[in-house]
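To start, I am sharing the structure in question, which I have written as structure tokens.
Letters A, B, C, D and E mark the chains as written, and numbering starts fresh at 1 in each.
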Amino acid sequence: MNKNQIPVGPFHPLLEEAEYFNITVEGETVTDIEMDIGWMHRGHEFISEQKTFTQSIFLVERICGICSTSHPIACVHAIEDIDNVEIPLRARYIRTLVAELERIHSHLLWLGLAGHFIGYDTLWMWAWKYREPILQMFEIISGNRNHYGMMRVGGVARDVDVDKIAALSKILDQVDEKMEMIAKAANDDPVLKSRLQGVGILKHQDAVNFCAVGPTARASGVKIDVRKDEPTDAYDLVDFKVIVLKNGDVYDKTVVRLLEIFESSKIIRQCMKKLRTANGPILNSVKEIPPGEGIGRYEAPRGEVFHYMRSDGSNRPIRHKVRAPSFNNIPTYIASCKGIPLADALITLAAVDPCYCCTERAIRINHSAEGAQPIDLLRLSREKTERIRRTIHGA
Amino acid sequence: MEPSALLTFLFLPAAVAVINLFLPVRAAKALTLLTLLYLLYCAITLWPSASLGSSSVYLGVDRLAAFVLLFAQILSTVILLFSLKGVRRDIERFFFVLFPLTVAFCNGVLLSRHALLFLIFWGLSGVSLYLFALLGKDAEASAAAKKTFIIIGGSDVFLILGLVLLIGSRPVDLWWLDKLNLRPEAPLYWLAFVSLLIASLAKAGGFPLHTWVPDFSKSSPIESVALLPASLDKLLGIFLLARMMTSLFVVGLTVKMIVVSIGAFTIISAVMMALSQHNGRRMLGYHAVSQVGYMIMGVGSGNPLAFAGGLFHMINHTIYKSNLFLSLGSVEKQTGSSEFDDLGGLAKSMPLTFIMALVGALAISGIPPFNGFFSKWMIYQGLLETAKTLPVGYQLWMLICLILAIFGSALTLASFVKFLHAVFLGRNPGTHKVREAPINQWLATGILAILCAIFGLFAVALPLKKLIVPVMVDLGMPEAMQFIGFFHPLLLLGLFAVVFGLGILLYFLVRTVRYDDVYLGGQPADPRFRITGSDFYREVREMPVLNKIFAAADKKYCDVYEMGSKGTFAFSGWLQKLHPGLLPLYILYIFLGLLILGLVINIGG
Amino acid sequence: MAKMDQFFAEMGGLIGKTIRKPKRIYFDVDKNNLTQVVEYLFNRMHCRLSTATATETYHNLEVLYHFSHDASGDYYCPRVLITDKQKPAIPSITPIVRGAEWIEREMFDFWGIEFIGHPNLIRLLARDHPQGLDKPLRFRRDK
Amino acid sequence: MGWYNKRLAKSIWVFHMSGSPCNNCDIEILDLLTPRYDLERLGIKLVGSIRHADVLLVTGIFNQKVAPKLKRIYEQAPKPIFVVAIGTCPASGCCFKDSYNAVAKREDILPIDLYIPGCPPKPEAMIEGVAKLVEVLNG
Amino acid sequence: MSLQMVFYLLVFPGLLFTAVLGLSIGWLDRKLSARFQYRVGPPFLQNFYDFIKLLGKETIVVRDSVHSLFIAAPFVAFAMLVCISTLIGVALFYKQGFLGDLFVLMYLLMIYSIALILGGSATGNVYSSLGAGREIKMLLADELAFILICLVAIVKAGYEIGLAEIAAVQQARGAFIASPSGIIAFLIGLICIQAKMALPPFNIAEAETEIVEGPLMEYSGPPLAFWYLNHFMMFTIYPFLLILLFWGGFSANGLGILWFSLKYLLIVVVMIILKNTNPRVRIDSALRFFWRIAFPISFIALVLAVLGV
């Protein structure tokens, strides 16, 4: 009878997305955790099979708002894998540039949210303040802060010209400086350390058994990183380290992410240097996709994104499987949350950097013209946004 | 007062007990109630005329005894009112025989002036405790009864020893127990003091002889728990202690400090145990122990204000603790359980019981304006008064005791928050349909709750001026009076009421109310989503040093009875090993014995 | 490549039709041999189970497991064909690979494939679904 | 209640619910609170419990599983309560509207007072939307 | 109850003064926190707007809760805080009090927590229950050190147990904060009031991201408004108490008022800095901190005080 259960979710301040955990506690010690997902399920896989290959890239971008370039990259890798499409060098660098920028933005976002979850709003505000320049860089590159629409089968959609690179590197210099400061603040704070060290340990063997990926696995001493294991794009042309720590607690997960930020910034610098010189096309046009199957994967900020495409020779995939990193990482809660206080369990839930939108993907798109009710509103909004932006930036 | 009038207090309830054996239960109830009401009336009339002047050799009543007697009658009457409906059918007859008998024994203790009589009644009241414990229904009851009997009986041995040491040298007809004024510095009297202290601590439930209280509380009928360990035994034990500190001995500073320390330690150790209990009865049992600490501190310190506070706390404790036990009794009778995990959300279905228990809980935690606060406040003030005049080392010692006492009341509050949450608030597990307790039950708890409030709000005007000050004057400490009278609970309540009224008025002016289910992030309000509160203090239990202490307490290392029985068994086992049944060995023993005897005699010679 | 050859040498008897592409190997496995192959891939070769894909074709259902050999970057993809489309059932690999729990539950949810020996085979995403969403990715083709 | 609405407009406590979005809008909502946009200067505060909320910010297409919960939560909010839909998803369904799991009419689930379209809408657009709401409240 | 007492209670040191000062200082708290985080922060009247807005909202009462307790709790806490602020204010500004009022105060201060806990658990919400458990554990944690520092003040004042007397002793012989024991006790007191006011890093009971604001979770409308007000009223009560006990109280000349305001602001600013530079600690760490670090340190202060240092 001594079973006290706490429902966490579907709507809980800890969860930006709707998700539901049923936590059994004794006092405040978690004894069991049960997960019920599916609140974010939109049927991406189903929708995707109704779309052309090009459309599905647009669709997978909307699997998740945070890693909104990792899914397209993995998706185009899968399509390219069917037919071994060659990608121009410049496009490879641009892909890497955008992807690594996204990694910085995602890790900073996580750091801020983690700060918020442990009641350290100052850290949240600081981390997000320095995330803004990164979003500004995206705006320079693609014109949008979040969904960039950069990926195409055989290359990228937009070029990053030399003017832009100059602006970008100026911003990056400032960001680097601030990043050092935040990393120091987060690393040296004794209270933060005592709050996070030894909390929610994911043992090495558990990480292997649960097939964990990304920083979650790397913090537990599992050395996997798609960027090194199967270098695509420009990763075999740039120099970077894979960060691996061995304790598997929340603190190590934080440190892995912080150090990865610096590695990413190193990669971006190398890419920008190459982009100044390596001229050439940015897109190999692909006329048709032959029958066959292809696997595409990419190391998203949270771990390996996996896309599987099967084509029957038409312009639409007959099967499009998406597996996001959080899908593998979330079950590790069972191994890391039992027997620890509730306050720790909740930060452990967040430490995986779970992305439920990714987890519950499955895509399909169908452009039919009916139901065009909000077009007018959309246009007004765009004009309004432009107006505000002009006034804010004084341009 | 004629000594013959005092006999009423002894013989009337005893006779009623005998008559009850033959009456139908319904009549027995009525008869007992009438008797107790009459005794209450007698006690009230006795109060103004109580003095030792005209008493006989055997029976006599001074202010202190009359004061305690009065409250013994009030409490037993109220508890009887509660017991009128709801005692288990199979034990009902025996219960109503035992009840007046217990009252008679208790009155006997209070009224005896002669040591032998005192001793007999003291022992008999212990026997009645044992008999009540036997009435419990679960398997632990007989073990608890045995434990109670051994601890209380064992302490009676010390009482005998102490009394013999005190007055053994005098002729029998001078074995009085008043105004001896001995100094415990002499080794003989020191031993007597310790023996009597043990007896009084065991009765009142002080550390380390408290362990029978929670066990008794767990398994005996709840009415008897409210009657004996919560009220009458407290009265008797502290009565003896007060006697010791005032008329039997003239104690020095160190002795006082030791007694105060015992009090402080009792408070903190018992309340820590209470924090981690999962059963309502056991928790209240531990609190019955912990609260004794304040009385011991107050009475033992020898400071007039603290002494008065200790006496006041004694009666306060009997009131609110009986109230709490009886409220829990009502709950238990409605739901059939006193385990925290099975209860919850009862405030909705038992609002009256909840209010009474709330008052009791606030009073025991020392929340103004209820009575518990006032007596604690007097004790603290008295202790500080004492500390002021002491040398530095003693000052610190006293301050540490004071810190333990004040912190003890915060811990008390904490465990009663758990109690209220687990029993009345929180969420019902949905296993039982519960109705409000019958009228006699909430009436009884209601009277006690009202007493809590009255004794808190009119503390100075009623109990202190009318009852305790005369006792203090009689005991030769009239200066207690001059400290009283600066804190006005009524004024505070008035201020509080004005602001509270304003707030509520504003609320009623602007409110628009809607009723809805609990918000659980969109999940429906399922009964399985609840926190019973029984594990509230797991973190406290798991603190690095405390976890060892708690683990030791769970293994009963602090329990004199358990350790004693273990030791006894170990010793007898060792003795058994010495008896293998071999003749040569026995002959060897005999020779060894003779040898040792010879040596001793030689050395002695 | 040495690993791959060793794999074929030791497991060759258990696998059927094979498609080899650079860094990707797709091969058919009979459902009775599946646990043996997975055991070898996971415990002996220390591959990581990336995910598994269920696909419905006109004739049958197929489950394609994706094992990633991270040291070399190769992908080993055992394919199990299920001919009984009405009551599809294959052995579960969750007892071997703990991480397969959710993957198999998802396939159970969307395709109705039963995994024999799965410790906790309940629907993953559409559990307690108010509209009773049932095998959504198959329903479409039956229609 | 014009006078009261004016006070309400100065202190808007928002509760954020996501009805199966791609979480980009959610991130942008949080972004509004951070130094560059700082909605607290307009008296807007993010709260954790629906009981404290004045405005519900809702994102996503409301899939069938989450829709009843959204409805339930809306009922649990103290009146007066306003619903602001952020992003293209609640407005049109975006690319998900043909999914088997999307609800047909989002207006049936929640009475939406204000749409702020965009995928995701720029933070500036959201502020403009809030300003519109304030205008409405001020009469 | 004389007219003067009503004035004390409702206007000057009591209701009106405490509420207005509290809400204004609450603005300072929000503004400074915002500045720490590179934000602009709310306008000055923001807390007043919030309060008025909450008054006009609907009150939602949980159906199977104890309605009367649920509604009464915030008002009980409110009335108690007003009484406490009157007690402290009268001792501070009018130098009046009664014998032993510090003990009364120590117990009265617990009532806020009790009201919060009972109000929260009356709803039967799991988060409120968890929050109630945490609240009472926090009370246990900080109470030990708080008792000690109160005793330090009492001992240093020569065993005077009255607020007014303690202030008078300081006016005569200099503030306690100038002595070693006084400064230790003052610093521990600062941390204690941080915990008693449930400010970060000790906002464990009302942690938003863990237990959804704990006991306050189910409150809405006017009762919530009063909890809101209560929270900010403590911004006046506790710093005043600290000044009264250790920092020489208040003298009613021009410079005295200025000096008093500076002391008050300094304490508040230190609290806000503490609030913004620490993550929320776990409940067991808080217990451990107060029992194993703050308690021995404040005990040293007590020993020093007894020795007269």
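The working rule: contacts are C-beta pairs under 8 Å (C-beta built on N, C-alpha and C of every residue); 3 or more make two chains touch, one makes a residue touch a chain.
This one's a predicted model, so the numbers in the text were calculated from it and none came from an experiment.
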- Query: Which is the least count of steps on a path of touching chains running from chain A to chain C?
  - Reply: 1
- Which chain's centre, taken as the mean of its Cα atoms, is farthest from the centre of chain E? C
- Judged by C-alpha centres, the chain sitting nearest the middle of the protein is E
- Contact-richer chain pair (by C-beta pairs counted) among A-D and A-B: A-D
- Message: With centres defined by CA atoms only, which chain is the most remote from chain D?
- Response: B
- Message: What's the distance between the Cα centroids of chain A and chain B, rounded to whole Å?
- Response: 65
- When the C-alpha atoms of chain C and chain D are each averaged to a single point, how far apart are the two points in Å? 41
- Would you kindly tell me how far, in whole Å, the mean C-alpha position of chain E lies from that of chain A? 44
- Intercentroid distance (Cα basis), chain E paired with chain D, Å: 36
- Query: So which bits of chain C are touching at least two other chains?
  - Reply: 126, 128-129, 136
- Query: Listing for chain D: what residues touch at least two other chains?
  - Reply: 34-35, 48-51, 65, 69, 73, 76, 78-79, 100-101
- At which residue positions does chain E touch at least two other chains? 37-39, 56, 58-60, 126-127, 130, 133, 208-209, 212, 217-218, 221, 283-284
- Note on the structure: Full set of chain pairs in contact is A-B, A-C, A-D, A-E, B-D, B-E, C-D, D-E
- Inside the complex, what are the residues of chain D that reach chain C? 64-65, 67-68, 100-101
- Query: Tell me, which parts of chain B touch chain D in their complex?
  - Reply: 512, 514, 516-517, 519, 522-523
- Query: What residues of chain D sit close enough to touch chain A in their complex?
  - Reply: 16-28, 30-31, 34-36, 48, 50, 60-61, 63, 65-66, 69, 73, 88, 91-102, 115-122, 124-125, 127-128
- Query: Across the complex, what residues on chain D touch chain B?
  - Reply: 49-51, 69-70, 72-73, 75-76, 78-79
- Quick one: in the complex, what on chain E touches chain D? 30, 34, 37-43, 45-46, 49-50, 52-53, 56-60, 208-209, 212-213, 216-221, 224
